[in-house]
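For reference, the structure is listed below as structure tokens.
Each chain carries a letter (A, B, C, D, E, F, G, H, I, J, K, L, M and N) given by its place in the written order, and its residues are counted from 1.
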Amino acid sequence: MDFTGADLIRAAALLGAGISMGLGAIGPGVGEGYAAGKACEAIGRKPEEAGLLTRTMLVGQAVSESTGIYSLVVALLLMFVVK
Amino acid sequence: MDFTGADLIRAAALLGAGISMGLGAIGPGVGEGYAAGKACEAIGRKPEEAGLLTRTMLVGQAVSESTGIYSLVVALLLMFVVK
Amino acid sequence: MDFTGADLIRAAALLGAGISMGLGAIGPGVGEGYAAGKACEAIGRKPEEAGLLTRTMLVGQAVSESTGIYSLVVALLLMFVVK
Amino acid sequence: MDFTGADLIRAAALLGAGISMGLGAIGPGVGEGYAAGKACEAIGRKPEEAGLLTRTMLVGQAVSESTGIYSLVVALLLMFVVK
Amino acid sequence: MDFTGADLIRAAALLGAGISMGLGAIGPGVGEGYAAGKACEAIGRKPEEAGLLTRTMLVGQAVSESTGIYSLVVALLLMFVVK
Amino acid sequence: MDFTGADLIRAAALLGAGISMGLGAIGPGVGEGYAAGKACEAIGRKPEEAGLLTRTMLVGQAVSESTGIYSLVVALLLMFVVK
Amino acid sequence: MDFTGADLIRAAALLGAGISMGLGAIGPGVGEGYAAGKACEAIGRKPEEAGLLTRTMLVGQAVSESTGIYSLVVALLLMFVVK
Amino acid sequence: MDFTGADLIRAAALLGAGISMGLGAIGPGVGEGYAAGKACEAIGRKPEEAGLLTRTMLVGQAVSESTGIYSLVVALLLMFVVK
Amino acid sequence: MDFTGADLIRAAALLGAGISMGLGAIGPGVGEGYAAGKACEAIGRKPEEAGLLTRTMLVGQAVSESTGIYSLVVALLLMFVVK
Amino acid sequence: MDFTGADLIRAAALLGAGISMGLGAIGPGVGEGYAAGKACEAIGRKPEEAGLLTRTMLVGQAVSESTGIYSLVVALLLMFVVK
Amino acid sequence: MDFTGADLIRAAALLGAGISMGLGAIGPGVGEGYAAGKACEAIGRKPEEAGLLTRTMLVGQAVSESTGIYSLVVALLLMFVVK
Amino acid sequence: MDFTGADLIRAAALLGAGISMGLGAIGPGVGEGYAAGKACEAIGRKPEEAGLLTRTMLVGQAVSESTGIYSLVVALLLMFVVK
Amino acid sequence: MDFTGADLIRAAALLGAGISMGLGAIGPGVGEGYAAGKACEAIGRKPEEAGLLTRTMLVGQAVSESTGIYSLVVALLLMFVVK
Amino acid sequence: MDFTGADLIRAAALLGAGISMGLGAIGPGVGEGYAAGKACEAIGRKPEEAGLLTRTMLVGQAVSESTGIYSLVVALLLMFVVK
């Protein structure tokens, strides 16, 4: 059991990366699916506005996606940059 | 009990990979299923727009899928790249 | 209690495989069941579009299934490939 | 307390098998029950389409079942194949 | 505190059996109850289709039951077969 | 603190029995109550079909009960058979 | 800290009894309350069927109660029979 | 730190008593409150059936109460009878 | 760190008292609040039955309260009677 | 690390006080807020019955409050009386 | 690591204060927000009763607030009075 | 590992501050957002009462905010005053 | 493993900062999103009141945001001020 | 196992960064997805107000996003600034 402090830091960083990405994928995954479902519902009522609705859905999802991307960035930083 | 620090890091990385993918599959799985259900409902009302609705559903699901893929990427990085 | 570091890694990998697949089956299982239920509801209203609706349901479920498959892949990699 | 590393691995694998199957049965169990309930509701409205609806329900449930089967496979692998 | 590695494995297997069956009974229990409730509702509306609806309910429940049975199988294997 | 490995196994088995039955009673308990409530609702609408509805409810509950019985069986096995 | 293995087993059994009964009372408690509430609602609509509805409610609750009783049985066995 | 095995058993029993009663009060508390609320709603619609509805509510609550009483019994047994 | 077994028992009893009362207040608190809200709703519709409805609400709440009182009793017993 | 058994008991009592009050405030807080919201809704429909409805709300909340007060009492006892 | 028993007690008291206030703020926060939302809804329907509704809302919230204040009191006692 | 008891107390206080504020922000955050949403809905129906509704919303939110402020106060006290 | 008490305090403060901000972002994030969704719904009904509704939404969100900001403040204090 | 206190602090900071970002992404992800879904619904009803609704949605999401950004900031500070 001869590990140095640098090893302990590294282990904590990698475990933290897994937690960050795992939990961080729950919220956007559920939220974006809700947006997609509501967009399908709306298009089903007004198919002639499909382009407009798809664009709105994508813009709304893109914002929701951002926190998922933050999680990815934090996980990548924990894995490759942080020392 | 003679393991070095590199072993501890590796163990943390593999456990982190399991946590990242396991938790990261909950959100997109639920969200995409909701989108699929709503698309079926909408097609049931307007079958003549099935192509349009299927396309919207797939675009919306693809964005929702992205956080699941991030989780997969983080898990793969933790398993094969991170040292 | 004489286990080497390689044993600790292996134990973490196998526990991680169980966590990855166990948690990863919750989301798609619930989501796909929701999609199946909504498809039945829609077919119950428009039986003449059953083929179209079944196809949409299957496409939507297939995307939702993907995160479950990622979990399976990560579990298999943790069990058989990662060393 | 004289157990070797192989024993530790085996213990982790068996605990992981229990976790994988236990958690993995929650999602499909709830989702398939929802699909069955919705199918009954639909048949209650259109009994003349019972065959069609039962078939749709079974197809939808089969896809939802798949993640439960993955969990079973991972549990079996952890118990009998992984060493 | 003189237990061998085989004892540790056995203890993990028995604890894993309890977790597998305990968690694995939640999903099917809730899902099948939902199906039963919806079937009663449907029969209450169309009593003349009671036979058809009961059959559909039983088929749907049987599929949902399967993951509960997998959990039972895994628990039994962990208790009596795995060594 | 002089306990042998057989004692550790026994302790794990008894704790596992409690977990198995405790968790395993949540799902069927909620699900069967839902079914009972829906059956009352349906009988309240069509009292002349009370016999049919009670029978359907009991059949549906019996299937839902099964996972609770599996939990009981696993708990009993862990307490009295497993060694 | 001089306890034998038999003491460890006994402690695990008593803790397991508490967990079994505590968790096992959640499901039936919620489910039976739901059934009681729905029965009141139904009687409020058709008071002339009060006897029939009360009987149905009690039968449905009795089945739901069963998993709570299993939990009690397991707890009693863990406290008084298991050695 | 000189406690015997009998002390360890006693401590586990008392902790188990607290867990049993604490968790066991959640389900009946929520369920009976739901029944009481639904009974008020029903009486609000048919005040002339108040006696009948109150009786039904009390019978339904009494059954729901039973699991709470089991929890109390287990807690009392763990505190005063079990040795 | 020189505490006897009697101290360990006492510490477990006090921690158990806190858990018992803390968890045991969740269920009745939510359930009784639901009953109170529904009673207000019903009185809002039929103010002339206010006395009857208030009485029903109080009877229903009293039964729901009982599990909270059991928790209090168990906590008091753990604090003052159990030795 | 020279603490006696009395110190351990005291520490457990204070931690238990925090748990008892913290968890015990969740249920009444949610339930009473629900009652207050429903009372506002009812008064919004029948302002001429405001006095009656406010009184009913307060009586209902007072009962719901009781479990919160029990938690407070247990916490105070754990802090100031128990030794 | 030379801390006395008084230090252990103090540490437990401060951790308990954080838990008490943190958990104790969840219930009232959600419940009072629900009441505020329902009051806005009611005023939106009958603006001429705004004064009456605001007063009812505040009275209802004040009762709900009480458990939050109990939590604060317990936290303050744990921090400044208990020794 | 040479830390005194004062250090242990300080560490517990800082961890307690984080828990208190973190958990304490969940309830008010959700509740106030609900109130804001309901106020927008009400103004959308009666824009001429916007001033009145905004004022009601703010008063209701202010009360809900209070528990969040208590959490902040406890966290600040744990960080800067408690010794 | 030669760390002083000041290091332990610092580690607890940093972990506490992460917990405070992580948990503290859940409530406002969900609540503000609900408010935004309801505002869109209201504007969709009365576009001529968009300015008024956007202002109300922002005021309501600002109050909800406050608990998130408290969490940030506590996290910053734990990281940079507390010693 | 020769790590200094600075290493322990660093490990706690990195683990805290993962927790902060992981939990902090749940709330905004769900909330913003809800807002996006509601905006699509509203545009589906009034396509001529699409610009106005998209702007409202983006403003509302931007506020909700803020807590996610706070989490990111705290995670970045924990990784790169805090020492």
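Keep this in mind: a contact is a pair of C-beta atoms (placed from the backbone, for glycine too) under 8 Å apart; a residue touches a chain by one contact, two chains touch by 3 or more.
Molecules present, by chain and UniProt name: A, B, C, D, E, F, G, H, I, J, K, L, M, N = ATP synthase subunit c.
This is a predicted model, so every value here is computed, not measured.
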item: Set of chains adjacent to subunit C and to subunit L; value: none
item: Rotation in the CA alignment of subunit K with subunit M, degrees, nearest 5; value: 50
item: Between subunit C and subunit A, distance of the C-alpha-averaged centres to the nearest whole Å; value: 18
item: Inter-chain centre distance, subunit C versus subunit K - centres from mean C-alpha coordinates, in Å; value: 41
item: Rounded Å distance between subunit F and subunit M, as computed from the means of their C-alpha atoms; value: 42
item: Per-residue overlap in subunit I, given as positions that touch at least 2 other chains; value: 1-4, 6, 8, 11-12, 15-19, 21-35, 37-39, 41, 43, 45, 53, 57, 61, 68, 71, 75
item: Complex contacts: residues of subunit K adjacent to subunit L; value: 1-4, 6-8, 10-12, 14-19, 21-41, 43-45, 47, 50, 53-54, 57-58, 61-62, 65, 68-69, 71-72, 75-76, 79-80
